Amino acid sequence: MTIPTLNLREACGKASDKMANKHTPLIMNEWYVAAFKEDIGRHLLARKILNKRIVMYRTLDGQPIALEDRCAHRSFPLSQSHLEGDEIICGYHGFKYNYAGDLVEVPSQKQCPSGIGIQRYKLVEKGPLVWIWMGDQSLADESKIPDLYWLENENWACTSGYFFHPGNYVSMHENLMDLTHLTFLHANTIGTPDYASAPYKMELKEGHYKLIREVVPTTLSPVWGETTGLAGVDTAARIATSEFLSPGLHQVSVSFYDSALDEQKCENYKIHTAHILTPESHDTMHYFIVHGRDFALDDDKIEAFMHEQLFAAFQEDVIGLGALEAVIDDKDENHFEISVASDAPAVATRIYLKKRAEAELA
Amino acid sequence: MTIPTLNLREACGKASDKMANKHTPLIMNEWYVAAFKEDIGRHLLARKILNKRIVMYRTLDGQPIALEDRCAHRSFPLSQSHLEGDEIICGYHGFKYNYAGDLVEVPSQKQCPSGIGIQRYKLVEKGPLVWIWMGDQSLADESKIPDLYWLENENWACTSGYFFHPGNYVSMHENLMDLTHLTFLHANTIGTPDYASAPYKMELKEGHYKLIREVVPTTLSPVWGETTGLAGVDTAARIATSEFLSPGLHQVSVSFYDSALDEQKCENYKIHTAHILTPESHDTMHYFIVHGRDFALDDDKIEAFMHEQLFAAFQEDVIGLGALEAVIDDKDENHFEISVASDAPAVATRIYLKKRAEAELA
Amino acid sequence: MTIPTLNLREACGKASDKMANKHTPLIMNEWYVAAFKEDIGRHLLARKILNKRIVMYRTLDGQPIALEDRCAHRSFPLSQSHLEGDEIICGYHGFKYNYAGDLVEVPSQKQCPSGIGIQRYKLVEKGPLVWIWMGDQSLADESKIPDLYWLENENWACTSGYFFHPGNYVSMHENLMDLTHLTFLHANTIGTPDYASAPYKMELKEGHYKLIREVVPTTLSPVWGETTGLAGVDTAARIATSEFLSPGLHQVSVSFYDSALDEQKCENYKIHTAHILTPESHDTMHYFIVHGRDFALDDDKIEAFMHEQLFAAFQEDVIGLGALEAVIDDKDENHFEISVASDAPAVATRIYLKKRAEAELA
């Protein structure tokens, strides 16, 4: 026996066809993170999001602005231009745009053509994140921005980072949903050998998918053991929830405690990680990460150690998924993929993403 | 308001459809500059022009030769071969070609196949330039080569340079025609703030388009002020003519003088710049530049200063248009461009280039 | 006269259409060399062959294994995974495969899905070479592996090397078949001026094509002259046979002797070169080379000198054919190629390769 029967491969193919992959159209009508708050200032920041070039800056009174990154005249990139007050002066022929995207001046003539402008995209600043709506602007509803209470809460301390990821966002969602891979891809950082076979349960609500894994008893990897004081305790508990919140957001929440202690006495340490996935194109992704903890809030040394350990692990994902996408790019007519039981929430996520994309096209 | 109405965008689209752009077929039946005179010698020079690979060299008696850069046998590049007298010996199996492109010897056999050869392209050397005709060789008419009298005139001194430009030649023609951009793209080199809004007139004859801009009074940028002695004079005049001469040639001519002086007494300083645009492909261009002046003919210091200042400015065009083409490559279904009054000669140029290209295909 | 008449070019086109070129489908049902014996060990070696990614390793008892280089779950490359005994543990979610390619363990669940596996490719180790069958595994017949007796023979000494070649394998076969090119492409290494015009004969049997060239009398190039003791002898003989043995193998065999001596007394020095051509893709090739000699068997100095000289020559082929393929990639509607008399075995080879490829598709 080597490869499965044709029947089985065809069945796999039919199952895969229902799931989003890197060729599925990107979902436009959704909130994505465009930038960290501090990335946007009194300079012209170029970024491509959902295959569209945008330029971002802040007005004099601090409002973040996102405009299409091209002049309406000869498509010169406004990001390679000049900010004058709240307006952009195109670096080619000096066409001036206000922050609404309206063309307000053409230096070579007295009269400015009316009714000309470029697309402005709605931005909403919430805590450390600036969210953008790239689709139909009339559908942008701020109340739909996912709520991450811990990002701005005095009981939580956060660190953040960014990776430019050479892969599609769908495989990153899938990666985050099934943390079985901690044992293997992250063997040298945040994984432990018992992680992959630990019991799990799942919740599959339309558009909100969860996998909860309970690793009890376990020994914590250094990033958690050394920072919670549970290092060396072989009765530790690690309860991890992977949670798809939106096409642009996955949250991992974990609590750690000593399962040998009385629930009353036992200290419970919690972390949240916001994995923020903003597609740049079908092949690339902006990967923003915010990691929060509810312990050792003012301990800079612990913070630095956790950040180093965690971002080393996240980089393993970036490298691993990049390699995986290269394999998929080379696939031939015999290619198939199988799913196993713990894939259920990831598969549900991919089916949901495909439905969302198809609904938009219809 | 942000982007224009659909009606307006469709009107823009219709206007743009008449103009050449980077996807318009290249014009074959035309004289282009293949090289500076001194680039061609007793070695095999490879260059791609209008998507065709050519090899150039000089015969023993100094005649410049351009041949198709491949052997008729197995397509080995003749430019990676060997020159023997006036003939090229292919570097692979030694097939020999005379300077007419005829195959004259096959080393592995006594008899050379008859009637075999490669394309020879007509070259004409005029002053510092070597012109080539890449299209139908029977149509090559030397009398149609644009006349640039100042290139070989004792009252003019010239310097020259070359850029490999990562963009199509059409946007470079457009760039040169409307010098409004001097105020913005060249703010740090040859532009002044008053340039963009100076009055202009235009002449639109079929195949010969001009825009004449009169900046009076003005203060000259250092490259002209310091070299003419008009530095600091706030009554200077700068009369610039942008002139489309052929698909491969644009000429900028400027005169400088002190508008406060009597016309009799007043010294008039003139410059010409030949912007020589030879498409390599749809995405790339050979950009040859010759700059001539009718003053300070023997002053090496002034010459070095002007050359440095000017070529810094031309590099700003190369970088800026490269950025612009990258934006256009990413355009989506909502892309549109508007034209303004001073674009008229550039628009006429682009319409003419499109007509020429289409006429050739018909 | 420059280019041939349309009639002649069309005749050339018809002839070329019958020959394989870089666009011809690759031949799957054939033995190719996957690696040198010593390349495969207790690590995971990734290689692409015939457009397919494979991973190779040795079992604990030394058997070489080749598997499809991807996990059946989410296509993670097994070559970026971990070898445990004879099994591969996928580096992503820990799926385990035995050396037959069967999936035997899924860490996140107790039961392993049955009937799942990845393709295993048959490998056969013969002397210094490991051969692979990439096509229909049921057709793999070891007895069809070309026999190169001298690779493992005490009367022969061998050295070997590898080039990653940026070109298709068809043009390399053609290159090897007509050694006319030694005089030109290898003028500075192994060629001599009289080589190209020396008399030759040919043998054209279906699937086995030969060209035998007799250069007598000649002076040997240093690589042979200095190693055989025939340096400076102007009555030397160089009898070279170029021989197509299979789509993946070309053999060059040469004998050298002094033609002025009596056949009885005269020492005859022989070399064989196995030019092993394993397509990686349509544009790239693994180029394995083994060179054997029946003289100076234990002379390390001679061996080092010959190796250096020969591999410098083979690199000239790699560079030259890379340049040639770039020209062909740029070909336009006027492109044609002619063949001459000494091309007959190469043309027969290319016709055979095309027939083989087409037969497989049918």
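Observations on the model:
By letter and in written order, the chains are A, B and C; residue numbering begins at 1 in each of them.
Quick note on the criterion: a residue touches a chain if its C-beta (ideal position, glycine included) is under 8 Å from a C-beta of that chain, and two chains touch if they have at least 3 such contacts.
None of the values given here were measured: they were computed from a predicted structure.
When chain B is fitted to chain C on its Cα atoms, the angle of the rotation, on a 0 to 180 scale and to the nearest 5, is 120 degrees.
Judged by shared residue numbers over all numbers used at their interface, chain A and chain B contact each other through mostly different positions, with under half in common. Per-chain CA centroids place chain A at a distance of 47 Å from chain B.
Counting partner chains per residue, chain C shows two or more touched chains at no residue at all.
Chain A contributes residues 48, 51-53, 68-70, 72-77, 80, 82, 89-94, 100-102, 106-109, 113, 115-120, 137 to its touches with chain B in the complex.
Partner chain B is touched in their complex by these residues of chain C: 1-5, 8, 171, 174, 178, 180-181, 183-185, 196-197, 200, 320, 323-324, 326-328, 330-332, 334-342.
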